[in-house]
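In what follows, structures are represented as structure tokens.
In the two complexes below, chain A is the common chain; its partner is chain B in one and chain C in the other.
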Partner chain A sequence: MKTKKIIFNKLIEITILFFIILTVLFFLFRAAPGDPVSRMVDPTLTPEDIQLLIAQMGLDEPAWKQYIIYIKNFFSGNLGHSFHYGEPVSNIILDRMPCTILLFTTSTLLAAFAGVFLGKIAAWKKGSAIDNVLSIGALLCHTLFIPWFALLVLWAFAYKLGWFPLGGIISPELWINDTSFFIKMLDVLHHMFLPLLTLFFIHLGSYLLLMRSSMLGVLKEEYIITARAKGLSDKVIRNKHAARNAALPVITSVGLSLAFSINGGALTEQIFTWPGIGRELIFAVSNNDYPLAQACFLLITAVVLIANLIVDLLYAYMDPRISY
Partner chain B sequence: MSFKKNLDRLFKSNLKRVLFTGLLILILGMVLSCQKKEEEALLKIGLPEEPKSFNVWLASDSNSRKILSQIYQPLYTRDPKTLKIIPWLAQKDPVFNKEELSYTIKLRPAKWSDGTDFTSDDVVFTRKLFLDFQIPGYASKWKVIKKLDVIDEHTLIFYLKEPSAIFLSRVLTTPIVSKKEWEQIAANAKKTEKPLRTLQNHVIEKPLGTGPFMLAEYKKGAYVYMKKNPYFFGTGKKIGDYILGPYVDSILFKIYGTSDVAILALKKGDIDMFWWEIQPGYIKDLEAQPDIEVFLNEKNALYFLGFNLRKPPFDDKMLRQAIATLINKEFILTRILQNYGSPMHSIIPSGNTFWYNPDVRRYDVGQKDEDRFKTAHEMLKKAGYTWDKEPVISDNGIVEGQGIRLPDGKPMDNFVILTPPADYDPKRAFAGMMIQEWLRKIGMPAFARPMSFNSLLDRVKGKHDFDAFILGYGKLNLDPDYLRTFFDSKNDKPRGWNMSGYNNPDFDKIAKKQLSIIDEEERKKLIWEMQEILMEDIPYIPLYNPHILEAVSKKRFEGWVEEVDGIGNIWSLCMVKKNNGYSNNMDKGK
Partner chain C sequence: MALLKVENLSVGYKSKKGMVNAVNNISFSIEQGRSLGFVGESGCGKTTIGMTLMGLLPENASILKGDIIFNGNNLASFNDEKWRAFRGKEISMIFQAAMNALNPVIRVDEQIAEVIQIHNPAMSKSDVSNQVKKIFSLVEIPEDRLRDFPHQYSGGMKQRAIIAMALACAPKLIIADEPTTALDVIVQDQILKEIKKIQKALNTSVIFISHDIAVVADVCKDICVMYGGHIVEKGTREEVFKSPRHPYTKTLLGSYLTLDSYEDINVPEIREAPDLITMTGGCRFSANCNCKSQKCQCQTPEWVNLSSTHQALCFEELLNKDKND
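Then we have the complex of A and B:
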């Protein structure tokens, strides 16, 4: 009963927070210099033309009026039309989201599993050669400069060795023919490999280090000593008693980074020409496409808020000591 | 038991074999299906970004326009070699009637890509669409037409309100759309609260055009696939100096998020051309590649330093002239542009040979640094400028001046030269810094400040809140009427094109007059006079005109058509053909 009430309160909190962020975003974009037509440096456009375009986009109204219209539309499920695509923003986002989720969720989960597994070993064998190699490797991964690493990966595996395609999500040459679904699926996986590899290494470092330090803390706990005194095997102590508890902070971190992965590593998407939300976000912001930019940010806001809630609840479930 | 084990083993080994064979078939299938397309002449072009819309009234990004320019065609176009206006969808030059102020135009027998006829009705409909919806960029041009009469299916008479020098070059070069495609959409849009927006937001999946290619498939975020239009009116005909194809069956536009990756794709042979400007830094590497050809062409562009003439100190012509003398254009060209460009001495680029006036006043030519500083120093002194500590200019160098004062005795306030940021355009950002240094040497408190492009335009064009700025037009029209657009005092208003606030009644008069002169030689005299006035008053100091660098792969295709602004044009796509000899050699090499 109590938990339900807590969840309900949290939900209300989240809703209020969401609308505060929505409002801030709305006015922030309009306060930024320029407008969607200011970049159209086409001398054939007369000032009257520009005025007409602005009026057609509804930007000639005072900001508060635009805000009321936006809120009204928002509640009827209308996020507006993109100024540049001319399409409903929701279509564009629904179109891009699967690509981002596919790539970033997979890479985050893979990196988390690998990070937990390797971090566990590193902590267990603290001070050994394995620990040194893993820790230094993790530090290296953690500090990688993404554009440089991504370009290097492309240059080596796609250009020099030719094993993988140079970015994109599919090979158009295959898709313009009537190719079977199975081959198309393989084609997507083939394209996904390099960005996945890049993101995997970039995320791996932080998970590994997090797991290692958390595990080291847990190993000093008294219940581990008790477990040893009971004569349990190393494997059982490591995997069942220590690692489970040590993985808690990693789960929080994964939860949040899964949420943030919605915005897609914009840089990674740009270099691998991955048609996800991140690229759209860059385009929308730099071209003052307010409806599109707002929708992208709102999506991220919503997912992060919800993920926060889920992580909180998950914590309580996994660690009985925590209760709300 | 042993029987079961054997069965298991058999099954497992068979499973492996089946899986292995399956995989082989898959790979073979992938390779074969790729090769099948290779046999057709499939031209692959890399784009730097995805086209945003195929609605011709909305698309303002260059990549959408590249695709749409293969589909929607104008009545007249420019010959890539002579740059003269030649008939395109029209059959021949228009017949001009001076008394009636009318142009009779005969259309070619052409078809839309769905096989229906292209007729006079489509032209009439296009005009109606422009005017009904006040379509930006088009309506203002077509307003000059008083009446449009249809004589028959392929003949039209345009009656003008007043003589117009740009009727042929600017009005008749706009794309014509199909009545069949747009009639219903327009009717529906008209009923809405915001008709233009509704028209622009209408999603066009298969644009209907008369051009050499038609859209076959568009996969969002991945590619655009165009096929040869079987009804293209130009196929097999000689237009300009070219017997038009297209000689390729289809074009595949692929998208690359960064130039680095696109250039790797070009080198690897994944694409045959990258339709985007290449920065000079890549050129050495590309030129060393045996399969890559680099094209270097003049642009019809203008990069300039502009002043705010509405307030001191730049309301003083003498100060602007002195600054023009101080700027070393040769330095900017050789050091910043690495010689990939030409210097500019007038607002019209020298490549636009017919309209360019080579005899305008020049400020910096052929002078050593010290001499330029001496001349500028004297010019300023003569105009009444004083210094707390005068600059000392000798052959041994320059000792910076300090505390420059305006002719009225007031100290010159710090002023800012706004430039786009270096990540947007390093050339303009560095040119701004160099200019700041030259001006400081003579004692002017100049500060170059890179600023985001949006903010820069907002300050300069929207609010007129600036001192000086460096901007550029990457692609000017070949018709010089933009002189009027940029400097007519009527356009000195927020968001207007007269960003400097230049106001010269004599100039305005000539600018208006040239617009109504149809005789080109006569008009040329006025255009030359306008350039003389501008270079004397110097609201803008023209700085440079960069070259456009582009690269293609020679492996599979040849025959690119070069013109001002490069090889990315409809002529190239109509003329490029498979390079069989080269491709065979390549295969043998493998």
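Then we have the complex of A and C:
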């Protein structure tokens, strides 16, 4: 069918893009200053030991040879071993990935829905007290300095009030004992609440403002007058005729921000010691752990590409005028 | 009794520079099954009249005075609730398709079904969809195009869909505001035929608004010529076309027709747009008029009866002077 063909073409496009980015990343890391071995601070290492280590890691080969090996390994599912952990990178990634996905999709989707809903109301009541409160609030969210806000939240709700844990994703004692699945879920939610709250507010502002301005534009369209001329109620005009059109740019923005949220979210993960990809990425980059850093970036690339695919398809579904 | 009777209606828009007197002291009426045309250059207040009759004036606009009696109700005193039940049911409007009047993300049949549904809440879904089909066949859109989205339609089909939307609840009066302005001539012709056919078939009254006097004359038996918020001449189409009396009507006809019969008329040329904010009380056309009379600039012109149906807003001696030229 037509949609199947579209998806197929998009997938090919994405695959090509993915390998281009993979290649660029590979050489970028090799070109970066510093070497991984010098970070493994062990004063007893002799220069010979260091040479040996470098050879073990395959770093004595020329870059293009390393690249060919890397690609070969990639296709056999081997992303290499982390210099630091000494473990296969894929294990580390698979371990961190769910945490990040859980946190970011939840916060982005919640923020998007809330932003669309509140932005719709703000635009509909333009100039009213509600609009002013929402707009100023959104502007504040938008300009929040992430580390400051995250630390503030952590300090207030975890340290001062003690309502939430200071970090991590689980309380280990619950997982050693044979606790029910439900209790474990509650435990994860309890840990997730503060980082979620932080990310929610950080994203809420821009979604709200985007929806508000998009909705204001739509409300000036001729078809809104047509809808009023039919005698439809305000609620139907607002929700059916205006909001659906106005939400289209927000969908695009969700796709884009999912990309940035993983990078930008690294700080949030760091502060709340959330064991996700972002935190691992910061660690890997600052330690020249090429295989790990590269894999983290590749993963982010994949997520961004797939998110964009989903956004494209969703957009086509929401806006009948679009066909790829 | 007339279906709609508008008396001494004035509508103004608040603006930074002052009140824009977009519609001034106009009176007209329309009988059931008749068609009345409003013609005049852009900005003369035609759309304002249409929007006033629909209760769709923007927030900065207000009815300054006058009565609008429709079927025994004074529309000027309607609240939001009453307007909602009224619009689309008793009076409906045909908008310009080229102006994005159809919602791009909603299927066409749904956009028509929702008018029927809102004004007939008790009607079953299948009755509504049958009604939609009936209206589609009336405006000659093939049934297999019902479920399309607006962008899949041609300009002419979109306009037909908009007409279908206006007809959905069989209103007593339809206001068509420049419905064919952006269409090419052949499609325009088809749409005008459609409107005339439907008007006859359903015995609906039509108020037809256009800047194009040829189009208005095609559709309407009665014509009001507007200038600067005033109706300046009204009469049957034959009267206005064959013996235009107001200097502005002559200008308007002169700009569309270069028939021999008009060549010898002393046609004034429009040099400046009327100022709608300052009210001098004089004739708004005086700055452009060839009459060069002092009287026009300060004294309010009066309705001069030319026949039982034909009137012009001027001064009797000036109209006659012109005739003697």
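The rule we apply is simple: the second predicted complex is superposed on the first by the 299 of 324 C-alpha atoms of A that agree within 3 Å, B and C clash if a C-alpha of one lies under 4 Å from a C-alpha of the other, contacts with A are read in each partner's own complex, and residues count from 1 in each chain.
In this text, a residue touches a chain if its C-beta (ideal position, glycine included) is under 8 Å from a C-beta of that chain, and two chains touch if they have at least 3 such contacts.
From a predicted model like this one, the values you see are computed outputs, not experimental measurements.
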item: Touching partner for A:125 - first (chain B), second (chain C), both, neither; value: neither
item: Partner chain(s) touched by A:245 [first = chain B, second = chain C, both, neither]; value: second
item: Partner chain(s) touched by A:221 [first = chain B, second = chain C, both, neither]; value: second
item: Contacts of A:72 with chain B and chain C, given as first, second, both or neither; value: neither
item: A:5 touches, of chain B and chain C: first, second, both or neither?; value: neither
item: Residues of chain A touched, compared between chain B and chain C (which is higher); value: B
item: First, second, both or neither for A:229, with chain B first and chain C second; value: second
item: Chain B-touching residues of chain A, taken from the complex the two chains share; value: 32-35, 38-53, 56-58, 81, 84-87, 95-96, 99, 151, 154-155, 158-159, 162, 165-177, 179-180, 182-183, 186-187, 269-275, 279, 283, 286, 288
item: Chain A-facing residues of chain C, complex; value: 54, 56, 83-89, 92-93, 95-96, 99-106, 114-115, 118-119, 149, 151, 162, 165
item: Chain A residues within the chain C interface of the complex; value: 221-223, 225-233, 236, 240-241, 244-245, 318-321
item: Touching residues (chain side chain B, partner chain A) in the complex; value: 26, 29-30, 33-34, 36-37, 42, 49-50, 52-53, 55, 58, 60-61, 134, 136-137, 139-141, 170, 194, 196-197, 200-203, 216-217, 219-223, 225, 252, 254-258, 260-261, 264-265, 267-268, 270, 452-455, 457-459, 461-462, 473, 476-477, 482, 485-486, 491, 493-497
